[in-house]
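What follows are several structures.
Shared between the two complexes below is subunit A, which has subunit B as its partner in the first and subunit C in the second.
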Partner chain A sequence: MECGMFFELVVRGFAIGLVYALMGLGLVLLNGVLRIINFAHGEFYMLGGYAAYYLMTLVGLPFFLAIPGAMVATFVIGAIVEKLLLTPIHEKQMEKPMDYALIITLGLVILLRKLAAIVFGPFYRKPPDYIPGDFLVLGINLSGNMILTLIASAILVLGMAYYMRKTWRGRSWRAITQSQGGAKIMGVDISRESWIAFGTACALAGGAGALVAPLFLVSPTAGGPPLLKSYEVLAIGGMGSIGGSLLGGILLGVTETLGAVYISSAYKDAIGFVFMSLFLLFWPGGLFGQKQ
Partner chain B sequence: MKSRVWFLVIVFFGILVLLPAGTKAADDIKIGLVTPLSAPGDYEAGKINVQTVELAVEQLNQKGGILGRKVVLVKADDEGKPAVGATAVQRVIANDKVSAIVGAWHGSVAVAQAKIADKMGVPIFFHYSWPDDLTTMHSNYVFRISPYNSQIANLLVPFLVQKGFKNVAVMHETTAYGTGFAEALAKAGKAKGINVILKGFPSEAQDLKPQLLELKAMKTKADLLVVSSVYQAMYLIPKQAYEVGLAPDTKILAGWDYPGWSPEWWEVMGEKGVGVMYPTFDSPKLKLMSLGEQFKKAFPEKYKFDPPIYAYFLYDEVMIIADAMTRAKSSDPKKLAEALKATRFNGTTGVVTFERKDGPVWNQWTGHQLFVLQLTALKQAGKDAAIIYP
Partner chain C sequence: MNRNQWLITGCIGVAGIVLPFGVDSPVWMTVLNLFFYYAMLSISWNIVFGYAGLFSFGHVAFATVGGYASGLIVIHLGFSPFWGLFVGGVSCALIGVVLGGIVLRVRGFYLCLLTWAFAEVVNVVIKTEHQITGGTGGLITPGFFSGPQADFYSYFVGLGLFLLMFVFSALLFHSRPGLYLFAVRDDLDAAEAMGVNTRLWKVLGFACGGFWAGVAGAYYAHFFGLIDPSIGGLDEMGKICLMVIVGGVGTVYGPLLGTFFVVILSEIIRGSLAEMNLLIFALVMILTMRFIPGGFMGIIDLLSPLLRHRFAKMAEKADR
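After this line comes the complex of A and B, so read on.
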C-alpha cells in the first residue's frame, strides 16, 4: 500500500478523531459531575447544527458569531432541560440516578427528534462554508471547514482541561465528582453547578454540531451517529477523563479510517465498535481510568 | 327483586342484539396505505405517496367508487423500520380487513412487509421499492410496478457502454436497495466487459473520505463514480469526492433522481453540482398514455407541484386495483389476487401487465423507460437538465 495514502488516512483519521473527542467531552463532564448517562447528548449536537445554520442563513451572522451563538443556544436549552427534568437526581438524592436519567433522556431523544422534524422539516441542511476553499497541510488537501473544526476542537478540549484544573468552578466540579457531600461542605451549590455543568456539556455537543454542519450536513436524525461515537470515546478514554476523551477520540478516528480501507468499508462503524469492545474487555477503566 | 334485575339484563342485551348496526361500514372497500410518515423513514416521499393515493381515491369515489362502493383509505406509518412496517401491515389486514395494500417505500421495510402480506393472503403493491427479493419469493400476493435492481442495472449498462466508461466504482449503502443494486450492476457490467468496483458503507455514514481516498489511490482509477444511497451520503459522497480530489476527473452519476428535484442539492454542492449526471425514470421525453396526461394535470392542480415519477407508478396501482376488483366482481383479497394476474391496464406510462417468468420477474411490470440527465447550469431544475441518454 502506498505510504502517501496511508499518511493521508492517518491525518484524516486524526482530524475526525478530534471531532469525536469534542463530541465525547460533554459526556465526560456529565458523567463526572452529574454521574448520569444522557442519551439525548446527540440531539444537542443536532440542535447546535441547526442553530448555526439558521443564525447564518436567516439572521445573517458570520460563522465566528454563529458558532458561539449555537453554543449559547444549546447551553440555554440544556440548562432548562436540567432544571425541568433532571433536578430530582440531586435534590431528592435518588438511589438510582442513572436509571432515572436513562429513562428521561431516552424520552427526550424521541421528543427532540420528532420536534425537529416538524419544525425544521426532513431536509438535509448545509450552512455556507465557514472558510471556503481547500488548503495544503502536510501535503494533504484539507477544506477550510475541516481546518477550522480541527483548530476549534483542539481549543475547546484543551480549554476545558485548563478550566477544570485552574478555575474555581472547574475545581468544584472535580470536587463533586469525588464526593458530593464533601463538595457541599466546602460551599459548592450542587443544584446550581448541576445545571451549569449540564448546560456546558450540551454547549460542547452543540459546538461540535455547529462546527461540522458544513462537513456532514444537519438533519433531524443527525444526532444518532455522534451519540454512539461519544459513548465509544467515553469507553476508550475512560469515564471522567478529559485527556482520555482527547486520546480516545483520536484513536477511534484513526482506527475507523484505516479499518475502512484495510479491512472493510461496509463495516467502518463496526470496526470502531469492536475497538471499543476490546477496551471494555481488557481495559474496562479506559485509557486514563475513572477520574482526573 | 332479583328476578327484576335479571329481566332488565336480558332486555338490555336483547336490545343490543336487535338494534340495527348503524352505517354498514363493511360496505366500504378498504385499501391500506402503509408508508413512512415520520423519521427515520423518508416521510417527504411518504407525504407524496399519501397525496397521490388520496387523489386517486377521490377520483374513484367521484365516479361512484368501486363496484358501487365507497373506497376508504386506512393509513399507517412504517417509520422506515422493518419491524414497524411489518406490524403495520399485519394490523391493517387483521384489524381493518383491507383488500389490498399500497404505499410501501424503503426496500428493507418492503421485504418484511411482503412476507407478512403473502402469509396473510392480501395483495401488496410496490411502486418504487427495488430489491429483487420482493418478487423472487414468487408470491401470489406481491405485485410490483416499480423497476427492480437487476432490471435497472441492465437498463443502465448500455449507457455506460455508449459513453465509454470502462472502470466504474459504485459506492452503495449496505441496505437491500444499495447492495442489491450494486451487485446487480457489477454482474451486468461484467457481462459487457466493464470493471465494476464496489464500496459499501453503513447507510447513515457521514465520513466517506476513506473509501473515496482508496478509490483515488487505485492504479486504474475509476472513470465513473455511481452513488447508491437514500440518506445524507447521497449528498456527502459527491461533495467529499471533490474534497479528496477524486472528482472532477472521475465523473459522478448520482443515483437516483434527486439532483433534479431536491432542494438540498444546490445548497450542498454549489457550483460543483454542475456537470453531475443522474439516472431517472422521468424526463421531458417520457412517453405518457392518456391516463398519464390526466394525472400530470390533476396532481399539480390539487397540490401545486409536479408529481415525481414514482407518483405515476403509485397512481397506476390504485387504478389497477379498481380495474381488477371490477373484473373479479369482488373486493375479496384472494379473488383480487387472482384477477390481478390477468391485468392488462392502460397505465400512466405504458400498458401494465404482471409478467411471470423466473427470478424477480414474478407479478412484475417491466415496461419502464430509463433516462440519464446532466445538470448544465447552477441551480438548474431537472426539467431543464440535458438529456444525455438515450
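After this line comes the complex of A and C, so read on.
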C-alpha cells in the first residue's frame, strides 16, 4: 500500500510537473525572442481555464475541441496585447526594455484579474470532467483528467521542441535568441515573429490552464501560484532551454507533490522559493542554461 | 536643494498643518493618513528604483516587517510607539543590508525575482507563525496616543515623518551619494570604471529605501491599530509601482504627485465605482507607461519651456 501510494504520488507529480513545464516553456520563448519577462503569464493560464469552461458549458463543445479552442483564444488575446502594448520594445530604441515590460505586465496582471472578477464573477468554477471516472493503470489508481493532462501536455512540450528544431519559424526564433541583428539580416521579420511568439507563449499557458481546470478549478486569482511555479521552473532549468524547462518542471512537480504529503504543507511554497533563490544566486545558469 | 524646493516643502508643510483644522470628517482624516503612508512608501521605492535603478519587488515586505517588528516590540517589551518607529526602520535597514549584500550581485530581472521571493517568504512566515503574529487575522497594536483626540495628534506624527522623508529624498537627489546612485542606475560598467564602488552604493540605496519603508509600516501599524499580511501583497506593490510611474520615475516630486492622484482619486470614485478601483488604476498605469513614460513630471517638463516662452513673449509685449 505504501509503495502504491508513493508511485501514485510520483505519477501525479509528473503530470503537474509537465503542466509547469508547459508554462515554463512559454517563458523560455519570451525570454529568447522578445527578451522580456511576462508577469502576466499566470493570467493567461487563468484565461485559458475560463475559455475552456465557457466553451464547454455555454457552447457545449466536447473537451478535445474546447482545449484547442482555449489555446486559440489565449493566442489571440496574447497577440493583441503584444501588438498594442509591447511593440515599442523592438520598434524604438528603448533604454530599459526589461523594466518597461515588467511594469506593463504588472499592470496587466492587476487589470486582467479585476476584469475577470467583474466579467466572470469572483467564484470558483469547475468545467465538467474531461474524462470522467478513475482508471487502474499498472496497479495505480488515476483519474481520467490526470491521464489526459499527462498525455496532452507531453504531446505539447514535445511538439513544441520539434517545432523549434525543424520548422523555419522555430529556427528563426532560435536565431533571434542568439542574435537579433543577425536574424534581421537573414530576413527574419522581428516585429511579426514577436507577436507570434508572444501569442504562442500565451497559448501554451492557456493550454496548461485549460488542461488542469477540472483538477484545480478556475477563479480570477488562479494565475498566481502557476506564475510563481513557472518562474521556479525557469530558474531551475535555466533560461532559454526547452530540455531544462521540461526537467525543471518535472523535478518541481514531483518534489512538491511528495513534499506536500511527507513534509508539512504550510511551508511548501516557501521551500520552492528558497530553492529558486539558491539556484539564481549560486547556479544562475540553471541545470541546462547557457553562460550569460 | 534649491530655494524653490524649500519653498514648496514649506508650502506643503503649512497646508498639512492647516488642513486638519478645516477637515472635520474622520473619513478624510484616515484618507490623509493613508496618503502619508503611501507617499512614504512610494518615495522610498523611488529611491530604490528611480534613483538606484534596482527593480525591487519586495518593497512592501519591508513595510510589513517594519510594522510587525514595531508592533511586537511595543506589545511585548512595552516600548513607546515612537521607539517602535525607529526600531521598525532600523530592523528593515539591517535586513536591507543583509539581503542587498546577497541579492544585489544579480542584475535586472533576476533581482526582481529574488526580491519577490523575499516578499513571498515574509508573507508565508507571517501567515504560518500565527501564535506570534496573529496570522491572517492581523496583529492588534497600540496607538501613538490615547483618548478622543488620538487621530488628530497622530496625524501630525504622520505629517512630520512624511516631510522628513520628502526632504531626505530631495536632499539625496542633489547630493553626491545621489549622483553615485544615478551612475549605478544609468550605466553600471561606466560607473565602475569611474571608480564608484557600485556594490556599496547599491546596498546603501537598497537599505535606505528599506529603512523608510520600515518606518512607514510602523507608522501604519500604530495609526490604524491593526496590521495584517495583506499590506505585503502583490496588489499593494502594484499600487506603489503605479504611484511612482504615474508621477514620474526618478524625480523628486513625481511620487508625491502620483500618490496624491491615486489616493485622492480612489477616495473620490469609491462610492460609485468601488469594484473598478484597481482596474482603472492598472489601466492608467499601462497607458502612462505606453504613451507618456515620464508621467506627470514628464508632462510638466515638456510644458514648462513652452509656458516660459509664452510668458517671456507676454512680458516683452507688456514692456513695449
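Convention: the second predicted complex is superposed on the first by the 285 of 292 C-alpha atoms of A that agree within 3 Å, B and C clash if a C-alpha of one lies under 4 Å from a C-alpha of the other, contacts with A are read in each partner's own complex, and residues count from 1 in each chain.
The rule is simple: a residue touches a chain if its C-beta (ideal position, glycine included) is under 8 Å from a C-beta of that chain, and two chains touch if they have at least 3 such contacts.
The shown structure was predicted, so the numbers you read here are calculated from the model rather than taken from an experiment.
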{"item": "Superposition on subunit A - do subunit B and subunit C clash or fit", "value": "clash"}
{"item": "Which of subunit B and subunit C A:134 touches, first, second, both or neither", "value": "first"}
{"item": "Which of subunit B and subunit C A:260 touches, first, second, both or neither", "value": "first"}
{"item": "Which superposed partner A:216 touches (first subunit B, second subunit C, both, neither)", "value": "first"}
{"item": "Contacts of A:163 with subunit B and subunit C, given as first, second, both or neither", "value": "neither"}
{"item": "Touched partner set for A:114, first subunit B, second subunit C, both or neither", "value": "both"}
{"item": "Partner chain in contact with A:14 - subunit B first, subunit C second, else both or neither", "value": "neither"}
{"item": "Location of subunit C clashes with subunit B - one stretch out of 92-100, 164-172, 218-226 or 236-244", "value": "218-226"}
{"item": "Set intersection of subunit A contacts, subunit C complex versus subunit B complex", "value": "114, 117, 224, 266-267, 269"}
{"item": "Residues of subunit A that touch subunit C when the two form their complex", "value": "37, 84-85, 88, 98-100, 102-104, 106-111, 114-115, 117-118, 224, 228, 231, 235, 266-267, 269-270, 273-274, 276-277, 280-281, 284"}
{"item": "Residues of subunit C touching subunit A in the complex", "value": "55, 102-103, 105-106, 108-110, 112-114, 117, 120-121, 124-125, 128, 234-235, 237-238, 241-242, 245, 275-276, 278-279, 281-283, 285-286, 289-290, 293"}
{"item": "Subunit B-touching residues of subunit A, taken from the complex the two chains share", "value": "2, 4-5, 8-9, 12-13, 16, 113-114, 117, 122-126, 134, 141, 143, 215-217, 219-222, 224-225, 256-258, 260-261, 264-269"}
{"item": "Interface residues, subunit B side, partner subunit A - complex", "value": "38-40, 42-44, 174, 199-202, 204-207, 209-211, 213-214, 217, 232, 235-236, 243-245, 263-264, 267-268"}
